[in-house]
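Each of the next two complexes has chain A plus one more chain, namely chain B in the first and chain C in the second.
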Partner chain A sequence: MATDLIRSSAPNFNRKRWLNFLFRFQSLFGLVIILILAVLFSPKPNGVNLFLSQRNLLNILMFASEVGILAVGMTLVILIGGIDLSVGSVMAFIGVIAADLLMNRHDVPVLGTIITVGGWSALAILVVCTLVGALIGFVNGWSAERFKVPSFVTTLAMMSIARGLARAWSNNNSIPIALGSSGEQLSQYGSSGGFGDPVFGLLGGTIGNTGLPIPGLIMIVIALIFGFILTYTAFGRRLYAAGGNPVATRLSGIAVGRLRIYTFMICGALAAIAGLIHASRLNQGSPNESIGYELNAIAAVVIGGASLNGGKGTIAGCIAGAFILQILDNILGLNSVSANVQLVVKGLLVILAVALQQLRPSTESA
Partner chain B sequence: MKPVEQSPVLQMQGITKRFPGVTALQDVTFSVRAGEVHCLMGENGAGKSTLMKIMNGIYTEYDGQMLLDGHPVRFANPKDAQRHGIGMIHQELNLVPELRVYENILLGRESMGIGGILQRRKMIRIASEELARLGVSIDPRRPIFALRIAERQLVEVAKALSLHARILVMDEPTSALANHEVERLFSVIRALKASGVAIIYISHRMDEIYSIADYITVLRDGRTVASLPAGEMSRTQLIKHMVGRDISEMFQRDIVAQEAPMLEVRDLSLTGRGVRKLDHISFTVNKGEVVGLAGLMGAGRTETLETIFGGYPPKQRSGEIWIAGKQARIQSPKDAIRYGLGLVTEDRKNRSLVLGLPIRSNATLAALRDMLLPFGVVVRRRERTAVQVKITELDIRTPGIEVPVATLSGGNQQKVVLAKFLLTRPKVLLLDEPTRGIDVGAKAQVYQIVGQLAKQGTAFVIASSEMPELLAVCDRILVLCEGRVTAQFKRGEATQEAILEAATRFTEVSEMSV
Partner chain C sequence: MRTARLLKTLTILLVACFAYSGLSSRAVNAQGGWTPYDPKAVDGTVKTDARKEGPIPAGCPFPAVKDKYVIGFAQANSAEPWRTAMNAQLNAAVDALNKQTAGKPSFTLTIADAAQDNAKQVADIENFLTQGVDLLITSPNEASPLTAAVNKAWKACVPVILLDRNITNTDYSMFIGADNVAIGKMAGQSVAKYCKDKSLKPCNVFEIDGLSGTSGAVDRRDGFAAGIKDNPDVIIKVTQNANWLREKAVEIAAPVLQANPDLHVVYAENDPMAEGAYLAAKQTGIDVKKLLFVGVDALPTPDGGIVSVLQGRLGATFVYPTGGKQAIAWAKQILVDHINPPLWVVLPFSGVFPENAQEQCNAYACPLAKAGAATMAATMIATATK
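Moving on, here comes the complex of A and B:
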């Protein structure tokens, strides 16, 4: 009987180890599976696999990039046990500000004198908007810390505030962006008919005639930077520790509250960058864009294997999550499945990802 | 008392349980009779909890068999075990703090009238009856969070009995109790015993075992090494069985204190929610000196250490802290560590360790700033070397430094916490219940480490409810009662009786009666 059990438990043990491995790289396996499915189910007019066409693949990279960038920031916030519901609204708000600063000029009275603001270069806009995003993140994080409420609440508030500000700023109209070729700068004050800094167009554009989307490259660079930070720096280490056990981390001499605020600032700044890309891509700053993007970002992070309780998650996972979502959208779109059904499928996928995490073999210990 | 001679209610025969890579139990035999208090002893990792988890249907895959009233049984899950009359009081109590006592006792078995409306009055009556059976008078309408640990435990016992438990497993029920609370628990246990309930009692405290046990079974390395009536196993034999070697003079150490104050606490007070928790506490710890903090639960031992360490908001506290002759302005644990303090908390799992992270990350968490390149990049090689050195120095038993701390035994976890603060090269170490829930061998090692570090000049403040340990280890013992220092003893002057007397010098009438 004893030998029976040994024999029967040995493959059991192997299976467990295999499962462990599979779960550890859940998101990457998911990505491979969905790629295979996409190739199989792709429409093939004249024997050409539409999904695998270069243009389609580059499109996926383009469209995955905004959610991917959001997901990187969201991963940091979720790692430390928070959540940021405001990123979609922040994207829209930043889009509006950027378009306005790029295209229009305003006379702002400051301390008795009048300063003209606007018609800025793309670089100035990039810097200012990223700072504004970080500032919004600071408000999110600081208020959660100061009033000891979950970030769910403060960022829910900010979701409403940023959206409202975006609409108020633009009178609920989208601000069109018209870019000149270099040298053709904005000619008149507060004009329509002028041109903005053409460099701004690069943010959402492609590299020359290769068709390589710049947003995709930006996402890759950001993912690499934060992947490095999480793995190799004290900041990253402390994020995992504070997410896993905030009390123990604080008693190890780490200012957990400050750390939390930093993650929200980074998340806000990355949301701003995503917002700039979005505006550049659509050639307008619209206050009603990017609704629900926060949920896509959270979905990407969860599909990537992070735990909403904090302490667990990776950048590679969330980027894989962003691609899984985008490929799913893409293949359903190629097969002319309605957008409404796409939403349902996306939701089911999130549930599946979470269910898989629950099935993860728990390590019994003596 | 002579155990009642009758056939066992529960027998476990030839139990073997394997985990990947380890055999946790090897052919263990264990049986318990009705009306018997059976102590299950063994160091951490000896297999006690595994055996209890099998008995409670938590582990369902094992070799061997279990007989309940002579009939073979195999529990499918904890609920199944419960239905068969097995109740378990976990070390971490399983109560819902926000609910009231009666709601907890009848959780999942609420009495309901038409339309699912709760019959509150009936539930309260049932709960009071259960509590009365134990001879305790806790108001069933009180919420759990308002109860002291000792009272919560009794609620757990009442809950188990209301489920008709005939076999009650108590896992270290006294680890959070003061002496008089232990006494009360024991009288409850004796009453249960008289009514025919079999009790399996797990504890590390020797004194208790001999005052309550009828029978003792010792496990070591997953095997039964002894199973005898309590009267037939002496204390020395018991320890020998547990550790497999003689530990004589376990906690001996040289006195090395010098006349050089390392930590001076002046008029330290702490108020929280309008209650004064610490009241003008002052004391000095010299270089290489080990000072003990004794006192009952709630006397303010933990608060004293955590206040010194900056664990409370500055506006809640007052007083001065001087370290190595300089006043320290400690606003947060971060400041405390910078000034050369280290704190080993009493609640290892919740307050000291990040359980999911590996030993390496846990050990370097406090000292990481010494291992950085520009931009906060961690020098992995320096980190690994530092941790390896501590693993050797502290004799941490682990397969490697990348193993999650959750998988280590209590004693080894505690050493990881020590390593974390030793890497910051502290001047003063504050230890809160450093030996709670760790086995005899590891206890000795912890105090050996304390002795060595004291010799090198580290000053120690040790808060503990284990008086024999304090008496053996400390150069000086302060006794706290209601947040005040009520007595101070030099080494050799202190006795358990004197400490207890000082620990119960309440200012007004004690509200400790239940």
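Moving on, here comes the complex of A and C:
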């Protein structure tokens, strides 16, 4: 093409192609680099590389899954130019609801009669909680569109509201979850009610003897689904368009506002799933959990190469970002480095990732 | 000729292999050789006796004989003053032990802090297991979330000592802590007596609870409820949750104190929360002399409970030993001496009231101690709990 001829005559054409390639796969290169560093810096007692041990790798997968699921939802929201600060509080709120509905029974007066709510099956709770998460996402998106305020503000408000609701629902207590058959002994430090549906334990458990974490599998499935949606469906293409140039997209007949609301609903639903996994893994629904998880999700998305202005980002990138953060936590933990150092390094990584984006060449291959 | 020699060497090798594996498997199965503990040497009282099969599951090999042992401690929240003291006492105990054994064997203690985050503490314990620690000590942040991780460590043949906070089952080696139910009961009884002496009818109590998923919060609340039964005029009017944290207590106490001017007693399940409520009361202009503040911990630090009672802020507190010293002592006995420890060891506690505060201060060397003024009672308490 004509433009190619003009470009090929420029002296630094090859360098630009390499830089493009580097930045497109920035997060994957970052992941490879951090894997190499982790293997190098892993403790090696008796010649066994601890980082590469099966138990350790499975742990990394287990612990990265919650942030990974949050990051997928957050990528969609950031792609469209918004941000969702409420995901951590939504996780805690959903955890409280799930634990309460699983373990306790409440008599609720409705329209004159009293109906008993509670002691539900795990599947019912999964469906209800995901819908509640989507509803919260709808409120986030709709209030941003209706009142024409940045989603930063509405999700900041929801962060506070969801946390307050979680505390109010549980009366500031942690609701312990006890699953199993009725023959088991209940401890006075555990649940005070009966037992909940044991299927709920599957959400946070491992597959039999292999030790494969089910949350990890859930994260991979969700990543594949949304990766497919973003790349191969019209919905995904519209997201990129709306994020890159909202005015042009709207003028070409796409309802950008409605698109934004859908993405917030997806983000809320995914936060609910992450909250259910968290509650199942820790056998507890508590309003004090998941504080600061939204920052981890945003960090994962940014390290994954998404631009906070919208229009750029991939699911593969955000999953890579989630793994980078978890591998970092893991290798510092194995070397018994203080947790405070981990926080500092995490922050520096985010700055580095954002700064690298500035160095990105402005023209990219179409 | 050559094949015959080859066959001979092969058979000798095979026989040697079988003999060796036979010997080693016998060593592995020699688990029944745990030495029973000496009841007279127990620092505290035994609530539940030792498990018959030993502190680790049956079928686990003996802790290997090494010259370097690594002990991992998963702390719940190092930022709490009482837990800072626990860390310091653990470190001091390990240093003393290393001096005593002159480095053969040597012990290393690694402390990981979860900052009240359950998921982080689970990750800390997993990391310790991956690193291959010889013994795990932990103070679980909350009972239900940490039960699976502690069980996993125990089933992986790592001895587990629980300090101060319990889990929801007994799949661990031993639990060391003071009796929180008894402490709550003594607190309740002292409040009942206070209300009776002042003829307060009804006597309204504001209870501030610790993190609700912890065994300490459950026990101190239950014990207090039992203790106030001594005086039927005592009622718990308001209950709030401050998660063991001083700043949270200031936040929640201010509106409660203002909305309920008829409160007489503030019972907080630990000293930082009691101090927080005291601060809130002063900030909102309430006459603090009309309120009795009760806490638990009584650390001998400048901002601790003993000084607080001496200076008239707290009306009562209870010396709650951290158990750090005992944990290291038992760790050494399990790892090196192969002694089968009791399942539950209860550490003694003592009350600190205005009338004995100076004695307690002298006994624990708090900053306001008066030299030479320690009485017999105080020294007995000191030796019992140290």
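Definition applied: the second predicted complex is superposed on the first by the 336 of 366 C-alpha atoms of A that agree within 3 Å, B and C clash if a C-alpha of one lies under 4 Å from a C-alpha of the other, contacts with A are read in each partner's own complex, and residues count from 1 in each chain.
The rule is simple: contacts are C-beta pairs under 8 Å (C-beta built on N, C-alpha and C of every residue); 3 or more make two chains touch, one makes a residue touch a chain.
Quantities reported herein were computed from a predicted structural model and do not represent experimental measurements.
Is A:289 contacted by the first partner chain B, the second partner chain C, both or neither?
A:289 contacts chain C only, not chain B.
Is A:53 touching the first partner chain B, the second partner chain C, both, or neither of them?
Only chain C is touched by A:53; chain B is not.
Touching A:247 in the superposition: chain B (first), chain C (second), both, neither?
Only chain B is touched by A:247; chain C is not.
Touch test for A:63: chain B only (first), chain C only (second), both, or neither?
In the superposed model, A:63 contacts chain C only, not chain B.
Tell me which partner A:278 touches in the superposition: chain B (first), chain C (second), both or neither.
It touches chain C, and chain B stays clear.
Scan A:174 for contacts with chain B and chain C and give back first, second, both or neither.
In the superposed model, A:174 contacts chain C only, not chain B.
Answer with first, second, both or neither: which of chain B and chain C does A:234 touch in the superposed model?
Touch status of A:234: first partner only.
Both chain B and chain C contact which residues of chain A?
none
Enumerate the contact residues on chain B facing chain A in the complex.
16-20, 22, 24, 45, 47, 49-50, 59, 61, 63, 309, 311, 332-334, 336-338, 343, 345, 350-357, 361-362, 365-366, 368-369, 372, 375-378, 380, 406-407, 420, 424
For the complex, give me every residue of chain A touching chain B.
1-2, 5-6, 9, 13, 16-17, 232-235, 237-238, 240-241, 244-245, 247-255, 311-312, 363-366
Mind pulling up the chain C residues that touch chain A in the complex?
110, 112-113, 115-120, 122-124, 126-127, 129-132, 142-145, 147-148, 166-169, 211-215, 218, 240-241, 243
For a test of understanding, state which residues of chain A touch chain C in their complex under the given definition.
43, 45, 50, 53, 55-56, 59, 63, 171-174, 176-178, 185, 187-191, 278, 281-284, 286, 288-289, 291, 329-330, 333-334, 336, 338-339
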